[in-house]
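First subunit A sits with subunit B, and in the next complex the same chain sits with subunit C.
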Partner chain A sequence: MRNTYVWFLQLVTGVLIAVLLGIHVVIMHLDAILGFFGVDMAEVTSWESMIGRAIQGVWASLYIALLAVVLYHALNGLRGIILESTPSATTERIVTWVIIAFGIIAFIGGTYVPVALLAS
Partner chain B sequence: MTEDSTELITFKVQRYNPEQDSAPYFQEFIVPAGRGTTVLEGLIYIKENLDSSLAFRTSCRMGICGSCAMLINNYPHLACHTQIEEFHSDTLTVKSLPNLPIIKDLVPELNPLFENHKSVKPYILRYDMEEMKKPTAEFAQTPQELRSFLQFAYCIKCGICVAACPTAASDKLFLGPQALSQCYRYCADNRDEGEQERFPVVDTDHGIWHCHLAGACSEACPKGLDPALAIQLLKRRLVSEAIGLRKKQEPAMVVSPPTETKPKVPFPEFTVKQT
Partner chain C sequence: MRQIQPRQNYLGPGGWVWAGKYKLERYLYLLHRITGLGILLFLIIHLCMTTVFRIQGQDVWEATIALLRNPWFKVGEYLVCVAFVYHALNGLRLILQELGLAMGRPTPPIYPYKDALRKKRPWTIALVAVIAILALVFVYDFIVGGW
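Let's look at the complex of A and B:
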């Protein structure tokens, strides 16, 4: 059932991306609408504001989760496309491990700053 | 169009003999066609009157055997089930089914299709081997249980769904809509207990999860089956099994056949007097 779990996670991450990316888009780009509801998100794109969010556990967790689900969803989709055009057992193993390695490196790189800030 | 208003149709037929030709090429034939003339009848006319070396498969001539599947005007059809006048054109292009190797001219190699079909174990599997080997009674099945998979039992294995499938075009190892829908057909059969043997066959990198859900198989199927639906229902079975939300399906009971049967309908009277 390995492939079933892999593709079920693809569906789950798709839904999670819609939720987490939705929160990100609303916060970063729909400040006028938030202002209408009385939420003041002044200067959300400024450096201080970003660092201020990164040192808060909730925001850091949200962005780390968004990074994880986007990486899984995108890289698993890419793996599916590559495997479809290069059907061979050797290619499958190589592609799978290269994708996993790239995903881990990208995740570590992406989470380094918020984790370091939280730790400090 | 009547018999008197026969039109001359140009058949552009793909020819290919792997032992002689480096690549397929087209040959043109002029075929007289009237109302109701099928593409298969046109091909038979060519073989009988113009070029006896033309190779194509045919058997029942009434859309049952699935032998004469081919690409007609760039869409897969059964040649016996397709009338020339449907195309409203005086030129017809006929090719072998795509996504399958060519044996000769319009004859595709169907072994890959049959091998994939065999791989999903398209027969009833049960744990009570004694009953399977020496049946003592019948497996009970309600009409509702029969309807849950009946349409998929009408597959004639013509290969049209595989020819229409865009995933089969790009992934040569893809199991294909025919094998996947037949996998569902037997998994959904309440007389069967072989799911656990079939799931590992379809749960691969080139199995069910590579279906793009283009729906081309369902649109092209000459028998009106919906293989795309079967694939989706099979995905649901796999996921619910994987995450433990699956309801246990009890296998069909073994019941004795009815002792009393309805009286047979009497044989009708002969309309012609027997001498």
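Let's look at the complex of A and C:
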């Protein structure tokens, strides 16, 4: 039963990622195509542009939400692939907890750094 | 008496690249898994860049960005974009299938009938075409944006 909820969350995060990461990819990588449609983002990867976005509440919360759903989706997918070889219950528990620990560390790192940059 | 062997459908580790007797959808599944792992690899590099390197300030950030202007990283960036589009659109197809949405009415299995995958296959092929077109559109960005 619990795995059903885990899998359903995988679907929900998948849809969320398609929207949020879609915005992220278009803005960050497809500047020429945006320029084709008359949108000029001008050097999104420069330090000033990056800090400019990081201090806006909307962008910061979008990025944190994106980080959370992406980490869930990616690490749950990886866990599914690893557990496909049907290891013992102990190995399964170890894999699960290692992946959860990695996800929490990555989430803390990914949210702490922008906050620390704002403070400095 | 001759033993009738069941048809071998266990592909083992080879099943990561070869779909055996299975058709298009199985190859989409293999690509889904490979692109997922590729994007995860990118995600880890990307998180390193935006945490470990970014915390060191403007100079390190700009050096990192300069490093990422390398043509090889540009090719990798293109591959990640295409992998994301593939994974996203194929994933939406899988979600629709999983939840049974937009699947049409069920029909009685009276011979000759099409199985569920065959009925959906035109849409699946259309989806692959859309992904291929988007992959070509992304090339435009890398030609105009420079290498």
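Remarks
Rule of thumb we're sticking to: the second predicted complex is superposed on the first by the 105 of 120 C-alpha atoms of A that agree within 3 Å, B and C clash if a C-alpha of one lies under 4 Å from a C-alpha of the other, contacts with A are read in each partner's own complex, and residues count from 1 in each chain.
We adopt the following convention: a contact is a pair of C-beta atoms (placed from the backbone, for glycine too) under 8 Å apart; a residue touches a chain by one contact, two chains touch by 3 or more.
In this text the structure is predicted, and so the values were computed from the model without any measurement.
Of the two partner chains placed by superposition, only subunit C is touched by A:70; subunit B is not.
Once the two complexes are laid over each other on the shared chain, residue contacts for A:45 go to subunit C alone; subunit B is not touched.
By the document's definition of touching, of the two partners only subunit C reaches A:22; subunit B does not.
Contact comparison for subunit A: of subunit B and subunit C, C touches the greater number of residues. Once the two complexes are laid over each other on the shared chain, residue contacts for A:104 go to neither subunit B nor subunit C. Look at A:116: by the touch rule set out above, it reaches subunit C but stays clear of subunit B.
In the superposed pair of complexes, A:87 makes contact with subunit B only, with no contact to subunit C. When both complexes are overlaid on chain A, the residue A:5 reaches subunit B alone and has no touch with subunit C.
When the two structures are aligned on the shared chain, A:55 is found in touch with neither subunit B nor subunit C. Subunit A has no residue lying at the interface with subunit B in one structure and with subunit C in the other.
Touching subunit C in their complex are the following residues of subunit A: 11, 14-15, 17-18, 21-22, 25, 29-33, 35-36, 45-47, 50, 70, 74, 77-78, 81, 106, 109-110, 112-113, 116-117. Of all residues in subunit B, those touching subunit A in their complex are 167, 170-174, 199, 203-207, 209-210, 238-239, 241-243.
On subunit C, the positions that touch subunit A within their shared complex are 33, 36-37, 39-40, 43, 47, 50-51, 54-55, 58, 61-62, 65, 68, 77, 81, 84, 88, 91-92, 95, 98-99, 137-138, 140-145.
The touching residues of subunit A, counted against subunit B in their complex, run 1-8, 80, 83-85, 87, 92.
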